[in-house]
Amino acid sequence: MDERESPYKLVAASDGQSRSLVRVGDRFVGAGTFTLVAGACAVETPEQLAAACEAAVVAGATMLRGDLFKHRTSPYAFQGLGADGVEMVAEQRRRFGLPWVAEVLDPRHLELVADVVDVVRVGARNMQHFELLKECARSGKPVMIKRGFSATIDEWLLAAEYVAASGSLDIILCERGIRTFEPSTRNTLDLSAVPVVQRRSHLPVLVDPSHGTGSRALVEPMALAAAAAGADGVMVDVHPHPASARCDGPQALLPGELAALGARLRELAVWTGRTVDGRATPAVKEA
Amino acid sequence: MDERESPYKLVAASDGQSRSLVRVGDRFVGAGTFTLVAGACAVETPEQLAAACEAAVVAGATMLRGDLFKHRTSPYAFQGLGADGVEMVAEQRRRFGLPWVAEVLDPRHLELVADVVDVVRVGARNMQHFELLKECARSGKPVMIKRGFSATIDEWLLAAEYVAASGSLDIILCERGIRTFEPSTRNTLDLSAVPVVQRRSHLPVLVDPSHGTGSRALVEPMALAAAAAGADGVMVDVHPHPASARCDGPQALLPGELAALGARLRELAVWTGRTVDGRATPAVKEA
Amino acid sequence: MDERESPYKLVAASDGQSRSLVRVGDRFVGAGTFTLVAGACAVETPEQLAAACEAAVVAGATMLRGDLFKHRTSPYAFQGLGADGVEMVAEQRRRFGLPWVAEVLDPRHLELVADVVDVVRVGARNMQHFELLKECARSGKPVMIKRGFSATIDEWLLAAEYVAASGSLDIILCERGIRTFEPSTRNTLDLSAVPVVQRRSHLPVLVDPSHGTGSRALVEPMALAAAAAGADGVMVDVHPHPASARCDGPQALLPGELAALGARLRELAVWTGRTVDGRATPAVKEA
Amino acid sequence: MDERESPYKLVAASDGQSRSLVRVGDRFVGAGTFTLVAGACAVETPEQLAAACEAAVVAGATMLRGDLFKHRTSPYAFQGLGADGVEMVAEQRRRFGLPWVAEVLDPRHLELVADVVDVVRVGARNMQHFELLKECARSGKPVMIKRGFSATIDEWLLAAEYVAASGSLDIILCERGIRTFEPSTRNTLDLSAVPVVQRRSHLPVLVDPSHGTGSRALVEPMALAAAAAGADGVMVDVHPHPASARCDGPQALLPGELAALGARLRELAVWTGRTVDGRATPAVKEA
């Protein structure tokens, strides 16, 4: 799509306009901040979720993750605990007092998670499930939109425009890799999308190096690269026992690895001029 | 995905099993037949829809198409007439007595089209919208599943497996191009997917050269190529006035072009040993 | 690249100009003809080459293939017999009196094959090895240019333009698949490239379904699809004992399979209005 | 290609082996160092080359670039000054006493540049031009191998293996983007290739954000991202008057932009534990 004719309007950057700060509970994402979202890929057991959240908090995360619904390629794969996991999420969210990010696959999931999820996430496979995006917009919660595996940046911003046109500008984008011919990584993390998005749109953009690479050994270098490229944050999986994870174990960091990465990320984010506690500074607020 | 470990079960080909015949009204798709689906990309006006259907019937189509809901990249593009077009579809369907194929974007659309649509289609962008696939399976109507822009053949068959696992084996696959680096065509029509699918699965597979190329001049050569490669049919757009079409005009054939193509396709299909009236032969039924 | 600004000149189609006929010995490729090139992927032994050539001739091939130099990803793979195979090629070429197509990897190979090869082929990995293309142009022999794995159609035509600008318009293009995310086939054969090339350029374009799919079972359907799409010919591998081939055995047809395919291709080519003996008809010559 | 069966031997990483240091003049690339290569995309005029080199040196580059031969898609595009530019290169190389990196397109170029080029570079389009790679190996100079647009990481390492098998392990890899469907950037810079290569091979790997993105605005974020991901260096274009550059002006930094980037890169490289003067430290030497 020719950039000159791009039809996104509400999410487009415009001259003299600052980049957006999206409020999530008492934290902020975007414009001058750097956010670490960490936690479980999927909610599995109370013990696993507690351990993942502890590791996330120790590492300095200001938002937690843990999905109740998993979007799986095969109907025979683990699909998430669904309603059975709501109370586990509620417990960890209360325990740490941090906002919770989780995926919804269907408009009907919104009601189910209404009391325990602070940011509703629409996954890569659903990026153009526009009915879902519109319902998320109407939920009153910030919406995180992952980039589709084969979505151009313009298509991604147009998916965000569906949310915006439905009444909400509380949108957070998340790059998680595109599909290419290279078999070494599950997807090819397109970090150049970060500065491209930041020039075309005022929306914040995070990077998910866990799902974007599919490989534990690549999470740290790519998380640091994302921060250096100017991403507004990263989202990282952690698991106390990756080998027995029910979903995506090979990409989960161990708690100690996440703690080390969190410290590195904070240093790098500060070096790039960002705040790292998820609280907007006066300077940012005035921008 | 390693073919040996492919987890699709119900849709997998197995030794000694014939390829499936899917019944649609009094017509059949698959195993030994060749189906021409033709008609409108989108339902626009009574006159346009009537002209598109006449052209389809003249060309020998045994199923008609015309969508009420369009899955558009931009929220500001024409989204289809929705409920306002139902009566138009009903009229043309009665007039010609042929089965109607149309896309649904959301489970709630199923009820709306229940009386006028014979095959519910799930589009490329929704190929992994599994809640929609499951609801389609439960609708009692055959389900056509387009291949996602970046879906591997295994992922496509696993999407079909979601339908099968929900209780319906009345599934028709439709190749419509994958996303590559080549800008000359809107997508790259992957015709090798036809014989690959036919080796891995018993399900019929059609090809959509209109959406797969995005260009009128390429529809005829690629439709013929699809037939020669063994596809169980093709689906083609026609429009009386492509220049004023509200959606995808550049790919629509003119009525005369479709008539010429239909005649060529019948010859080629017969040459490849298939029947072309959509009625299963005794030999096929016994297979 | 914007088609309006495409800088190819000598190879571009222009109004009122007929499509090119390239003379190869006493045969022709292009404009109104359909050519079957068949034979060995690589020259291995006198017996293997003789058997492959016999199978090709039985199947109706009007040009033979058999490479002395193989372009292998690994330095430890079989690289071709080189000079040791020249006499074997000479013998089969004399025996059948048909033109021979073979790859050159380096300008220095041109002299070595000067007496036994009638069409010099530049492979996909060398499509932009412009020094080689220029030397081929100066060799006085027709040049076959395979499309690079990641070459756009415009880049392919510009590679041909390098040959044309060096003084030769005896150019034959050959589609052999592009690199995509799909793992089921070695490459994704882009058959829509055939009509696109034929609209942009007057040059003939063949299709190689053997290298383009990498799989014996896919060669016949894709060869037929290429003919139906209007390709000016196909190039197919055959081997008397594929399981012991030193190169690309899994894609080689058995002699009987090739004979069956050749008969089908002739019928289909005649149905599409082409001559199949490689001899231009008067009508074509006057065009 | 299955990693377990990867046939590269000489370039493969092995347990207990340190990563390679490649000596270039009195500088080193790899293992514990971070190298900034900067200068002109193409040698154009004495004034332009002098200004580009000054800017590179001011920015802290420890190697200079400036090509005499350009590998252009079109035969009608600027192909480089060739022999006419050799003296210009010689002059700037003497003036600053730094090693010079330049591309060769053909084995015959090696003699021409023998006295003025310290690292011979094989471009993306020639990555599998194995005759050229073998000749480069025999030149006695370190060889820089850019990744092909559609080369897998394994194919890239196997291209390096061709050099190694020809007798030289003085090899530097350079990632410069792969071809994907995304049109916002000229290529998609695959930064995850950096840690993947560093796990599979002992060879150093640089990143070229200028050619990899094609856009000035993206060079700084992607150069910083490369350094954070652990790349052994970056290679950046600079031009005193990008608007009038004969080649790739839109991606060239202005001298002031390069100076700012160089300072940021040094800080980041030191933060990641690397030395930045191109001189191996005692610790590295012992490693």
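The chains carry the letters A, B, C and D, assigned in the order they are written, with residues numbered from 1 in each.
Criterion: a contact is a pair of C-beta atoms (placed from the backbone, for glycine too) under 8 Å apart; a residue touches a chain by one contact, two chains touch by 3 or more.
Fair warning: this is a prediction, and the values are worked out from it, not measured in the lab.
Across A-D and B-D, the chain pair carrying more C-beta contacts is A-D. The most distant chain from chain A is C, comparing centres defined as mean Cα coordinates.
Separation between the centroids of chain C and chain D, computed from CA atoms only, is 35 Å.
If you average the Cα atoms of chain A and of chain D, the two centres end up 34 Å apart. Mean C-alpha positions place chain B and chain D at a centre distance of 49 Å. Residue positions 150, 179-181, 183 of chain D each touch two or more of the other chains.
Those residues of chain B whose C-beta lies close enough to touch chain A in the complex are 7-9, 71, 73-77, 105-106, 108, 125-126, 128-131, 148-150, 155, 158, 161-162, 165, 179. By the touch criterion given at the top, residues 1, 3, 150, 152-154, 178, 180-185, 188-196, 199, 212-213, 217-218, 221-222, 224-230, 267-268, 271 of chain B touch chain C in their complex.
Interface residues of chain D, counted against chain B in their complex, comprise 179-181, 183.
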